[in-house]
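Read from first to last, the chains carry the letters A, B and C; within each, the first residue is number 1.
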Amino acid sequence: MIKVEQLTFAYPNGMPVLENLSFEIKSGEFVALIGQNGAGKTTLLKQFNGLLKPTGGTVRIDGIDTRNSTTGILAQKVGFLFQNPDHQIFLPTVAQEIGFGPANLGCSREEIDRRVREAAAQVGLEPYLNENPLFLSKGQRQRVAFASLLSMRPQVMVLDEPTTGQDYREGIEIMEMVKALHRQGHTVIFVTHDMELVARYAERVIVLSQGRILMDDTCRRVFYQPDVLRRTNLFPPQIPTLVQKFDCYQEDFGTPLSVEELYATITGCGGEEYVHCS
Amino acid sequence: MPPLPAAEEKSMSIVANYLNRDSVIHRLHPLTKLFWSLWVMGLSFLFSDLWSLAALFFSVVAIAAMARMLREMVPVFKGLFFFALFFWAFQVLLIAEGRPLLTLIPGNPGLRITDRGVFIATAMGFRLMVIASSFPVLLATTQMKDLVVVLVEKLKIPYSYAFMFITSLRFIPTFMNEMEQIIQAQCSRAHRLDSRNFVTRFFSICPLAIPLLITSVKKAERMAISMETRGFGIGKRTYLHRYDFNRVDWLVSFGLVLTVIGAVMINLTGMWN
Amino acid sequence: MKPVISIEQLSFTYAGSEHPAISEISVTVKPGEFIGITGPAGAGKSTLILCLNGIIPHFQHGEYRGRVRIDGVETLTMHCAEISRKVGSVFQDPEAQIVASTVEDEIAFGLENFGVEPDVIEARITDALQRIGIEGLRHRSTTELSGGQKQRVAIAAAVALRPEILVLDEPTSELDPLGTKEVFEVLKQLNREYGLTIIVVEQKINILLEYIERLWVMNGGRLVADEPPRRIVNQPELLTDVGLQIPPVSELMYRLKAAGYYSGELPLTVDEAYWALLKCRGGKR
């Protein structure tokens, strides 16, 4: 779906922010992009819908070189959810806001209505369609922004810190919606600083450090190589960190990511077994 | 330090920013430098002949060199030069008196270049460069906050006005950055900025202007709260940095005043014309 | 010990709103306490902070009932300048609370407003930078700092006014994990070494429970729990009821304890969980 080859990017008269990146993201993957502030995560995300174009190498979306396309056209393939919904909300009703994208794509009035209803349903905003988005809560405004990208029916979802500034429940709700879309076959790429969220949702993790890829592997393998993570000032989630403290005792907990997994290993190595065999 | 976003870099060069150097000029009192830039402007209006204006311009260049920032000021001078050139091309055709040097369209007396025209247009070009170059030099050698202190303390401008001015400058990069984010967010929703039709072009600004307005108001509100909790505007305030108007400053200011008086006298007696 | 803050039956409804943002809050704070506030969005956390630093009722209009006393004096009767000398504030958006273009001037800003003599300002700046451990940033431009650095500068600016209490409203929400840790380390230092009373609103429960001594859980404008972290992890429902979670390692040991595999204290951090898990094994053997 996304093919990046020797991508290099620098802002005009600046140091390169991304240096010689090559990787591929297949259709239907769930990828987390992690790294310290300033590692180039957002800059990389913006390459995927042509907001930024490579200064060296190529980025191909579904075979299309982003340099030969525009963000407006790519928007139908790649939907981009920004960190702050207030950077885009400007219309007086939620319905109009969600319909802005399809209207720009030149859809008919009926088509726009259909898409607005569909997108609102996907994020649970149907009761609010006639409200003014400015008077909704921050979590709801983030959903309006999310619906306004879904209404353009992109295959790929790119999410830049989708849970920042929201409480735990709102954050989980957004991620659950994303997960549901992923199950329907959408490709998801998201950036976050919350490693617990990464462990819970991502299948693949790309670790970025100073514009280079430090690691690109399954979530489990990335979080069980903490020395590499530490070099970029990231800390694995609590459960992998805890398990890795036991290394010197040769304890075999496997490589759990969640409380459930570790609990099952401890009790389920069949509860008794843990007590007896140790 | 992470690289600055593109918007931030651009805005940095628009606002002539302070260049931290140690030089004779930097050490002068902000008020002296303010006097100087007003002096430059004043003189440029008093004189209208080419040689004095050229000399005045090169004195500004010399001051920039004394401040050890000639290299950084080159783009400013260059930009001004092209602007002045453009202006010159206009002017030179408008002045008909004097001995013709060149006629653009043979037989048409309207479009010709005269010796006097060249002389006057060049002088005007220099005047333009003089007027526009002294402020960048002032701002590059004096920190904005120091200027504000001087405006408030010596020239008795109310602090809140001076503060508003300095803070709006401080927030330009922030708002440029916000604008960049907004443009990108709307482009991601297939919004197009490059419409040919004037009316649609006007309306295409709304998706950018409204979020900018709303986020700016929010930012301003937050800033106001933060300022309240730090005692803004509760009474007479002090300033961390104070500058003494010392002997060099008096000397320079005295010199500036003398030259102005001299220039006025010369002008009145009509010695140059 | 005499309380440094006492809140009695405090309610506040913003002008134009029908529902109170906070209602009937009564609580006291002893000098030197390190308190965390958490709760879902719209629980009234920020409103409570604004009541502590005097923005409510002095600048924010609405219906105000009850009392907030700082050092025994009611904030309603104090001049807001007096309040701001006792209560330092740090907010969420690092961009919007920095007004000056260099770190030194930023820290001087409050002191200048209060008319402190320049040589005293000088000494206070040096002292504040030292306390926060950012002496190296003194002459830096504020626009080139990282988020974590900006927030520490904001803390230094508040500390320079020598408040007895420091209130912070989600100071780490825009920071990465490293920046978040930097901020909490500074708060711990200020609390331990200088006895500063600290009240911090925070969503990141894992790091919050590691640092604070007392947690206030808010929901729907009310204070629904006021417990030390140790007690909070023993009663996860205090958090789960309002849509929050205890840290994963605490949850693990809680469940092991409930299932009879463990009988000791519940851990708050990964380190504690390590020892608990070892003990758990030893106890069973």
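Everything below uses one rule, namely that contacts are C-beta pairs under 8 Å (C-beta built on N, C-alpha and C of every residue); 3 or more make two chains touch, one makes a residue touch a chain.
Note that this is a predicted model, so its numbers are computed, not measured.
Any chain that touches chain A and also touches chain B is listed here: C.
When every chain is reduced to the mean of its CA atoms, the largest separation from chain C belongs to B.
Rounded to whole angstrom units, the spacing between the C-alpha centres of chain B and chain C is 44.
In whole angstrom, the spacing between the mean C-alpha positions of chain A and chain C is 30. In chain A, 37-38 are the positions where the chain touches two or more neighbouring chains simultaneously. Contact of a single residue of chain C with at least two other chains is seen at positions 146.
Shared contact sites, meaning residues of chain B that touch two or more other chains, fall at 1-2. Residue ranges on chain B touching chain C, taken from their complex, read 1-2, 8, 144-145, 167, 170, 173-174, 219-220, 222-223, 225-242. On the side of chain B, the complex with chain A involves touching residues 1-6, 9, 178, 181-182, 184-192, 206-207, 210-211, 214-215, 218. Chain C contributes residues 39-42, 146-147, 173-179, 203, 205-206, 243-245, 247-249, 251-252, 255-256, 259, 261, 270-271, 273-274, 277, 281, 284-285 to its touches with chain A in the complex. Remark: chain A residues 36-38, 137-139, 164-170, 193, 195-196, 233-235, 237-239, 241-242, 245-246, 258-259, 262-263, 266-267, 271, 274-275, 278 touch chain C in the complex.
Considering their complex, residues 11-15, 17, 37-38, 46, 49, 51, 71-73, 75-76, 79-80, 82, 84, 86-90, 100-101, 104-105, 134, 148-149, 152 of chain A touch chain B.
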